[in-house]
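One structure, pasted below without further comment.
For reference, chains read A, B, C, D and E in written order, and residue numbers begin at 1 within each chain.
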Amino acid sequence: MGILSLIVFIPFLTAIFILFAKSPKTIKSIALAGTGLHLLASFVLTYLFFNSPQNINPDPTGLSLQFVEKWDWFSSFGVSYFLGVDGISLAMILLTSVIIFTGVLASWNVENRSKEFFALLLLLVTGVFGVFVSFDLFLFFIFYEVAVLPMYLLIGIWGTGPKEYSAMKLTLMLMLGSAFLMVAFLGLFHLSGLNTFDMTKLAQVNFDLQTQRWIFPTLFVGFGILGALYPFHTWSPDGHASAPTAVSMLHAGVLMKLGGYGALRIAVYLLPEGAKEWALFFMALTTINILYGSLGAIKQKDLKYFTAYSSVSHCGMVLFGVATLNFIGFKGAVLQMVSHGLMTGLFFSLIGMVYGRTHTRIINEMGGLAKVMPWLATSFYIAGFASLGLPSLSGFVAESQIFMGGFMGNPWHDLTWMRVLTVLSTMSIVVTAVYVLRGLAQVFMGPITNLHFNELTDASLTEKVTTALLIASLFFVGLYPKFFVDMIEPAINPIINRLNM
Amino acid sequence: MIIYLLFFLVAFFSLLAVSSKSLYHSAIYLMGSLSVTAGLYLILEAEFLAGIQVLVYVGGILVLLVFALMLTQSDILVNDQPTFTKKIMAFGVSTSVFALGVWLLSSLHLHSIILPTASSPAPSIKQLGHAFLSVQKNGYILAFEIISVLLLTVLISAIVIAKKEKA
Amino acid sequence: MNSHLLEWLIMSLFIFCVGIYGLLTRKSGVGLLISLELMINAGALNFISIHRFLYPAQVDAQVFVLFVIAIAAAEVLLALALFMLLIKKQQPVDITQLNHLKH
Amino acid sequence: MSSLLPEFLLILTAFFILIIDLFDAFNSESSLSPEFYALSGIGFSIISLFALWGYAPTTYFGGQFVVEEIDIFFKGAILVAGFFTVTLLPAIFNLKNLVKNHYPEFIVTLLFTLSGMLFLASSRDLVTLYVSLEMATLPLFALTAWEKSKFSAEGAIKYLILGAVGSSFLIFGFGILYAFTGSLSFESIRVALAQPHQDTLNLVLLAVAFIIPGLGFKLTLFPFHTWAPDAYQASPTPVTAFLSTASKVTGLVLATHLLLRIFSFQLKDLQPVMVVLSVATMTLGNFVAMKQENIKRFMAYSSISQAGYLLLGFLTLSPEGIASVLFYSYIYIFTNMAAFAVITLHIEQTQKQNILSLKGLSKTSPGYAAVLMLALFSLAGIPPLSGFVGKFFLFSIAAKQGYHIVVAIAAINSTVSLYYYLKIIKQMYINSPDEDTPSLKAPLVTKAGLILATMGTVFIGLIAPFYDQILWASEQWFKLWIK
Amino acid sequence: MVLLPTWMILAIPLLSFIINGLFVRRFSGHLAAKIGTIAIGFNFLFSLALAYYFFQSGELSTLEWHTEWLRFQSNLIIHIGVMIDPLSAMMLVVVNTISFFVHIYSLGYMHDDEGVGRFFSYLSLFTFSMLGLVVAPNLFQMYVFWELVGVSSFLLIGFYYTKPSAVSAAKKAFIVTRFADLGFLIGILLLGYLGLSVNQGQISSVYSPLDFLFLNNPDVGLQLASSGLLTTGLLLIFIGAAGKSALFPLHIWLPDAMEGPTPVSALIHAATMVVAGVYLVARLFPLFNLAPVALEVVSWVGLFTSLFAAVIACTQDDIKRVLAFSTLSQIGYMIFALGVASDLYPLGYTASLFHLFTHAFFKALLFLGAGSIIHAVHTNDVWQMGGLKKYMPITHITFLVAVLSISGIFPFSGFFSKDEILTAALESGHMTHYLVGLFVALLTSFYMGRIYFLTFWGQSRSHENASHHPHESTWVMTLPLVLLAILALSSGWLPFANYLWFAHKHDHHSLNMTVAFSGTLAAIIGLSSAWFLYSKNNFSKVQKIQTGMGQAYQIIKAKFYFDELYLFVTHKIVFNKIAGPIAWFDKKVVDGGVDLTGEMSQTFGQKLTLIQTGQVQNYIIWFIVGFITVLTLYYNTVL
């Protein structure tokens, strides 16, 4: 029972304990204890990762995985329980454990059926952890769908507004995405000739160009649907608007990263030729994604739609980074996943808190709240500045990497096209600044519009801890990116070597 | 010669059984058709079978059908006329099946296989009896047992369904 | 002159199709049973004619046909029981009106 | 003779119950109710069945009755389905006046049908096949009409007529098959069909064309499925459960005999037909299930769509094919039985069959709602439940043959199926119940069956040795006659 | 060489920001103010010492301290560090002195404002980011602190966040500068790319192609110039500079930035932040030198801005707006000075930086003076002041010094720096620049004279009741005024040329007599005409001129309607014509498409249910249809 299985199954065990707890108080404390323990475990994992002897994979294109756990499961089918962690997965685990810890803190006042709520939330996060550490396509797929399914119940039961419609739309579109993946995985399994789902072995197979030409887009679109790729992003605004705070934090913060992670880890790594064929097309698509998302956010009336569109644009940047097919672009994509995860987590938790107080999410109905709740106002502004890419905050580090990557181009694509697309997506930093400042100024600045806002309270202790933790991590990534860069670079080398081969 | 006569008879009777207005006539025509098939079996040197055919089919099943006719007494029994469109539809479907079958069968050169003379060996009733009860290679004792259990279950369940419920 | 296997096969196919025609046009349950008997009988005839023309010595064909006849009898028995049930429920034995369970 | 034990034990228990019923002994307080005898009978036959594991394959009656490892698994599946159906019975038969609704006769008929199905699994020649097939279907016509309600007769009659048409097609087909070799045994026909010279090709075509409808009727494939929705809706819920599980597995057994044991050389050419049939069945089953209101009719269409997925397994002549079909049928039985247990209780205690009547089940009886949710998720093929693993293996068979488009259609179909399963879960979890709905109460036996089924739904997919055993069994079988 | 490590100069303001911002300001704002002032005071002394020692050591540039911050790839590693060279030493001194005086001044000015703690923490943040920008060894670090300066200016402009106009001004400032920074970022990416493709040839202590040591290296410059993209790169970077220094197309945010408290305007919008653009161009001057086209553009933009702003300044009523436009015009001066400079005539480079140096002092003085006036009279409108000579003697004298200095009268610093710029323009042959520069000098002295006479001379026109007379500000506010006045006087005499020069260090310090004479003449004309029009109370002559100019006057007064134009472009075009349709398109078309597939599958399902008609005969027909399809399908696969 290695540390990785522990990492994956701590939330699951906490969920089980929760099912036996009685009063809401104990339920919440167990959930908090579980996620706290998990946060600790991921820090220990990071410490071990950096200090324990690294088993470096001799073959340059092979993944060098640490803490590998590999047991045969359906041996006749080549399926094995294969866990491992490398730089990219570790970064994502850290992000997810922070987000789930703050998510549990942010949903401190969920009263109705809180037992099922926390159990489902933790089940969802188990799926997410599983995806980040599994290196067997079958196991990857199982955790991938486990991560998506509780969304229906979480949004359907505890959501607001047209919750059933958006819950159904979200689940079905994400399931359609995973249907794409299933077709691609089976294609990979059978066309690879060797009877295994093990990613490291499949990476040695050079599939012929014809198969790569159809499998890569299926994989990329399958992951893109979850990563809010342009035409398939419509579930995200509705889904996030009706989801309760913790769920939209977890979903936008982490689940949408599965798309980017999968696209990088599986689509590009296993099918380099296919990537070279399609990357420019997807780069153009993600550019639309970025600009479209940010421009769409300007006219939004509801705070949650506002953030949802901004996360569509930021997730577009992740996929843009992946589509640049160069070293800096990949590193930028992973950094953007981490930074956007923290950012949206902070945004949605704050919206939850503001909604808890003013009971309205419509931007025009609120005004001048800064005077009444300074702590929330400042943290909202910090989140806003992070999302528009202010240096010293995580947004800038990630975006600069992606734009530099896009600008540097890669040997297989026409440079001027890539440069035009990069310039177009860099324009999003201005549009983001416009809508972030307009929205926040309307809500927080100016005189108080609604008189009974005066007796609203500022952040309570739990809310302070949540926002403080997220802001601290935003600054940590922004001010000291070396920590994450050193973690991610060795993990990206195999992908780049594979592309250059 | 006799064969073609019997063929014509069977075709005529079954057509009438199917299309006659009153069900009573169609039951009788069915009886005619079944007994003519028994005759055909005789030609095909399957006497026992012809006997069973007459006994079980005509005697047993037909009698059951007539009972059913009596019992159901519904007025439609007198004139069971299908609507015109349903007739056309049914005619179309059945002729298409028949045409397909004939076209496929005729392309085989089966016509070269001719009726063996009376002298060729036909399985005797003794052999038939053996086949039913022998346990070796070509015996069907197993099927025999299964069919007995089958008839028992069908009997029980039919009775339960048809039974008049006590108040 | 003697008859050929083809004629017998076509004959049994003809009876089979007449049975199908009967099935599709009859309104009353009993009418259906009649056409069913015809179809099963056609099957039996086809079986025996192939037996006689190709493998006169084998006995399996006749055994099979005997079983078929027995099972046909069982089917009619069951059909009769179901018709009785219909009558007990005051429903006409007219299958065109038996269309309550649909879509 | 020991390999006949499973069937023999069933028939023995049936007669035993008949005799007890004869002396009207069930009404006295001391005696156990009939389902205990049935359960013990089926239990013993399962034990005796798996006791055969060591000696297979054994042949009796001159090659007409063969028990290979693969048959042991098929028979096991059928017996398990029968076992669960019997556990459902106490929920609908009120034990006060057994005689009034003929509870013992019901069990006797059920046991005989089960034995018929077991005979079918081991039959190796056309006569035994036909007779045991009829043995497995005829009593079901009666079981469907057991409730004697207004519609049950209608459903049963439709089922009977189409059954009869199916079997007459089958007889005609078998007649043509007989033309190839003198004997009726599968092996000799398979060998004769190995290299049909040019002119008898049409005959093979005709034989196949006549036989597939019989198979289609039994397996509820697309154009031959029309009886299923009405029969499922008309029959009492345990019989619907039995139809959707045991009768489906019997269809699979029939498919194994016909497609793998007789037409094994024609399978390559049959692939397009099979692909069209399975895609049509899948699509129809899923898209029509979306619009259903009645629970039982809904389950009918869901089981039709499952038949579509199962047919994918027969696309290849490889051990994985039949192994994944068997594996998925076990998962399918456990899942369906878990779902039907809850549905039976609900329909019996609220007398309402409409999906909307499931409103707020999660509040009135949370345990049962959770079980139904798990079962539905497993049917939709959502990991980590075993439904997903089974489906994944089935789709992999189609992918192995290069039918990636078919796998895509199947994957999209399972997404559509998720939609209508979620519609039910929405009723249970999101909508709130009307005030007075009592929570569901279940007799002990049904509760035990329910728990066993749920355990199966969750764990079968995860324990790998189970699949490996099935794969080993099908490899043995292939080694036997692929040589 | 200095006893303390140089990164202390950054750490102190950062530390004071953190201490004040997070902890102290909650308890007592005034304590936070004191801490902030002491910290900046220490910084002021430290920077003086640093500059002194640096100029003593005579080295060209020293990379004091650096640590690896962000690694793009092995040959592109961004370091955070402190680099001292003549340019950054000068800037350090300027920024720290002005910041120190503004801190002292704010002690008085913000004394009774409840957000005083927050104000001082923002000031320390601003100082930290400005210093970071100044000492940056590479372009990327400069961009990082460039953005931080932008955000602190946003916070300071929007300090009175309950006032909607302040909030929208802050927002406007940030968005406009952000738009310019887009150009800057793309310029950096392009230069980075060019730098990578040029073979680096190990230049000592260079870690990425964005380091100034690398970029300003002559032979690297030549290789870059040969690549053809250098001009576009430099122009992109110039867009960033234009945004921050509010040059012509992106100048709209500076006048509105006056919404912030006056010390802010003094510090940020007079002395430090706005000159960051000039600093950037100066820092990259060796590269600009190799791209003459870019330099041309720089000079013309600078010239036009100075003229444009000077014209508008004459018509404004709000005292702070006038000063804002005068800053615009002065920065235009500095930029076009750089524009005219080249390695043949390097004088422009030194002149522009000298003007930057002197301008910082007297412009800060003007703003602080205006601040104390407003503090006393409680209004910005020049027409409601008048006759303050009697009540506020110190402010009056210091203000007069600043006015004389900015108009370029002899003993004051303005004369020397402006004179050098004009000589640079004349000597390098840019006649038009020289003439326009002269005219702008005239306009400058005119509008400065105008506000001087309107506020200090004539009778008091304030509406407040006559009994309450405006009184002189407390010593805390007047001390910085005096000190700045002294600096405004003395800074002109500093032998600037031998500290900061480009290409070759020419040491002749002769005044070009023609330029000196013509400059002073222009100043005198401007001042006297202002005296003639505005010193007495009857403004009939002013009315006559205004009506004479008719419509043109209104257009100039409304700042050539640029604000409305930008507003129109952003709101009407971007928001309603682009963002609106996109939001609609997303909701209706893309989302609609998804719902459509939902409906389609529902109707398809509905159609399929019709197969189940309930009639047994239809079922049998389906059965036989199935038989036929199987037959035909199998037929055409087999044959």
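The rule is short, and it goes like this: a contact is a pair of C-beta atoms (placed from the backbone, for glycine too) under 8 Å apart; a residue touches a chain by one contact, two chains touch by 3 or more.
Nothing here was measured: the structure is a model prediction, and the numbers come from that model.
*Asks:* Once every inter-chain C-beta contact is counted, which two chains account for the most?
*Replies:* B-C
*Asks:* Which chain lies the greatest distance away from chain D when centres are computed from Cα atoms alone?
*Replies:* Result for max centroid distance from chain D is chain E.
*Asks:* Centre of all protein Cα atoms: which chain's centre is nearest to it?
*Replies:* A
*Asks:* Which chain's mean C-alpha position is the greatest distance from chain A's?
*Replies:* When every chain centre is compared against chain A, the largest gap points to B.
*Asks:* Rounded to a whole Å, what is the gap between the Cα centroids of chain A and chain D?
*Replies:* The computed centroid separation for chain A versus chain D comes out at 43 Å.
*Asks:* CA centre of chain A versus CA centre of chain C: separation in Å?
*Replies:* Comparing mean C-alpha positions, chain C is 65 Å from chain A.
*Asks:* Quick one: report the Å distance separating chain C from chain D, using the average Cα coordinate of each chain.
*Replies:* 27
*Asks:* When the C-alpha atoms of chain C and chain E are each averaged to a single point, how far apart are the two points in Å?
*Replies:* Roughly 98 Å separates the two chain centres.
*Asks:* Give the residues of chain A touching no fewer than two other chains, as numbers and ranges.
*Replies:* 172
*Asks:* Among the residues of chain B, which ones contact at least 2 other chains?
*Replies:* 86, 89, 93, 97, 101, 105, 108, 138, 140, 143, 147, 150, 154, 157-158, 161 - these are the residues of chain B that touch more than one other chain.
*Asks:* Would you pick out the residues of chain E that each touch at least 2 other chains?
*Replies:* 609, 612, 614, 616-617, 620-621, 624-625, 627, 631
*Asks:* Following the definition at the start, I'd like every touching pair of chains, please.
*Replies:* After working through each pair, the chains in contact turn out to be A-D, A-E, B-C, B-D, B-E, C-D, C-E, D-E.
*Asks:* Would you mind writing out the residues of chain C in touch with chain D in their complex?
*Replies:* Where chain C meets chain D, its residues are 12, 16, 19, 23, 29, 32, 36, 39-40, 42-44, 46-47, 50-51, 54-55, 57-58, 60-61, 63-64, 67-68, 71, 74-75, 78-79, 81-83, 85-86, 88-89, 91, 95, 98, 100-103.
*Asks:* Provide the residue numbers of chain C that touch chain E in the complex, in ascending order.
*Replies:* 20, 23-24, 32, 95-96, 98-103
*Asks:* Which residues, counting only chain E, touch chain C once they are in their complex?
*Replies:* Counting only chain E, the residues touching chain C are 609-610, 612-617, 620-621, 624.
*Asks:* Which of the residues in chain A come into contact with chain E in the complex?
*Replies:* Those in contact with chain E are residues 169, 172-173, 231, 233-235, 237-238, 292, 295-296, 298-300, 327-328, 331, 368, 370-371, 385, 388, 390-392, 396-397, 400-401, 403-404, 407-408, 422-423, 426-427, 429-430, 433-434, 437-438, 441, 444-447, 481-482, 485, 489.
*Asks:* Which residues of chain C touch chain B once you look at their complex with the stated criterion?
*Replies:* 2-7, 9-11, 13-31, 33-35, 37-38, 41, 44-45, 48-49, 51-54, 56-60, 62-63, 65-67, 69-74, 76-85, 87-88, 92-94
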